[in-house]
Amino acid sequence: MEEIRDETGTQRLVGYVVEVGHADGFARCWLDVDERHLNRHNVLHGGIATILLDNASGTAGSLTVDAAGLTPFLTISMTTQYLASGKRGRVTAIGKVTGGGRSTKFISAELRHEDGTLIATSSGVYKRVPQEKLK
Amino acid sequence: MEEIRDETGTQRLVGYVVEVGHADGFARCWLDVDERHLNRHNVLHGGIATILLDNASGTAGSLTVDAAGLTPFLTISMTTQYLASGKRGRVTAIGKVTGGGRSTKFISAELRHEDGTLIATSSGVYKRVPQEKLK
Amino acid sequence: MEEIRDETGTQRLVGYVVEVGHADGFARCWLDVDERHLNRHNVLHGGIATILLDNASGTAGSLTVDAAGLTPFLTISMTTQYLASGKRGRVTAIGKVTGGGRSTKFISAELRHEDGTLIATSSGVYKRVPQEKLK
Amino acid sequence: MEEIRDETGTQRLVGYVVEVGHADGFARCWLDVDERHLNRHNVLHGGIATILLDNASGTAGSLTVDAAGLTPFLTISMTTQYLASGKRGRVTAIGKVTGGGRSTKFISAELRHEDGTLIATSSGVYKRVPQEKLK
């Protein structure tokens, strides 16, 4: 299992960790929720939840191309459902590719608290960044 | 016009500013995008974009109840479409209530760069937090 | 297992069948796709796919209240992802409640062709129709 | 202004009419709602509403390529918000392209009753069908 930490500005700001190489093949993105991630209701901010779901999903897309999970995928569209409040403690998003072709992927993700509570789910359309754009 | 700054942990972390009291009645949430808000592609992280759209939307809901925009609304479900890359500079989300009843509101938002580029749009279902839960 | 047929105008028009009472507890809505359900590409019209997903989802909501699956639930918001073309033959949507409280439910559904192909998935917010509105 | 009628199996079944060539450049899809289009609540079935929004959106995509609105676009993902009940009478969906590139388009639509009521809104991702697939 490999951890990806501090790769981008947003990752350093928010503090989440991306994991690839799990036996089940699924990408993960986790965060130890503290006071910096809370909203007006003193629970996990929905936008932070979306960041975790989005990163797990994008990494799931990358894993269809390379085992290191580093091939960039862009989020085209994403729907998030907020099922329960996210409390302090570790929350983990797991992303799974549900369909799609070579460049466009449908990817779903679930975000759970370490106590098992399902906090949020998402489904999105992701697109592999064309190679010529990466040069 | 009133600015809401540093109200929550997430707001202090990310650095966005909420504005209420504009003549047009619409809620705004803006951010001066710098290196801390960028993703692997060196553009605005989609999750940060969602935070801004979500805050503008939730505040738009609050404004239907009180002019200070402080009545809490929960995000039930939210769809974001990522139309263009968000660059460094000021980006502003504007939220508008499109329908709904007393407690459930349909709210849309647009996020634009200061150069006019439409970066992302969202539509969501928001729910007023029951008063008994606020005590 | 109970079949619900010809209950509404839309059901009679389109010809789908709703099933409740399966051992797994999940609601189903199936349709034998023929020429009347095809789009410009000669595959299942996305809107017909959505009707099936929506009915399976609404019925899944009803089953949380009564075993006959007849308690009405309204669709508040629904996102559908179109993964693969739907061909002629039987297609079946299965709906599952993923969360929510007493009146608002989060419900997901999958639509598959009888050959196993996953055609479309959906996630939505549903609301139980208040009793006073039913009189 | 040109009307497209009875083009596909679904269109003949449901009875909607597509309009292109309006001065404002926007695609329309309307339906005279009668008993065949109603749900358990005796209002417009959400799935029928989605069909209208989807057709107006797909046609809006086609209009970016040809003035006849016939170039096929596939729906990749679509979110619909159900704001108000749709009653009998004429309901019209208007679709507008909000962004995207050459092949992928972001398209929004609104469905209104002839009395002006906003019944539903949608936002979706559409993709132009590759020419080689059309042969």
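The first chain written gets the first letter, and so on, giving A, B, C and D; residue counts start at 1 in each chain.
Just so we're on the same page, a residue touches a chain if its C-beta (ideal position, glycine included) is under 8 Å from a C-beta of that chain, and two chains touch if they have at least 3 such contacts.
A quick note: this is a predicted structure, and the numbers were derived from the prediction, not measured.
Looking at A-B alongside B-C, one finds more C-beta pairs in contact between the chains of A-B. Distances between chain centres, each the mean of the C-alpha atoms, put D farthest from subunit A. Taking the mean of the C-alpha atoms as each chain's centre, subunit A and subunit C sit 28 Å apart. Centres computed as Cα averages put subunit A at a distance of 21 Å from subunit B.
Averaged Cα coordinates give subunit B a centre that lies 32 Å from the centre of subunit C.
Residues of subunit A in contact with two or more other chains: 76-77, 79, 81, 106, 125.
Remark: subunit C residues 79, 81, 83-84, 98-100, 106, 108, 118, 121, 123, 125 touch subunit A in the complex. On subunit B, the positions that touch subunit C within their shared complex are 76-77, 79, 104, 106, 124-125, 127.
Listed in rising order, the residues of subunit A touching subunit B in the complex are 7-10, 12-14, 34-41, 45-48, 50-52, 54-55, 72, 74-82, 129.
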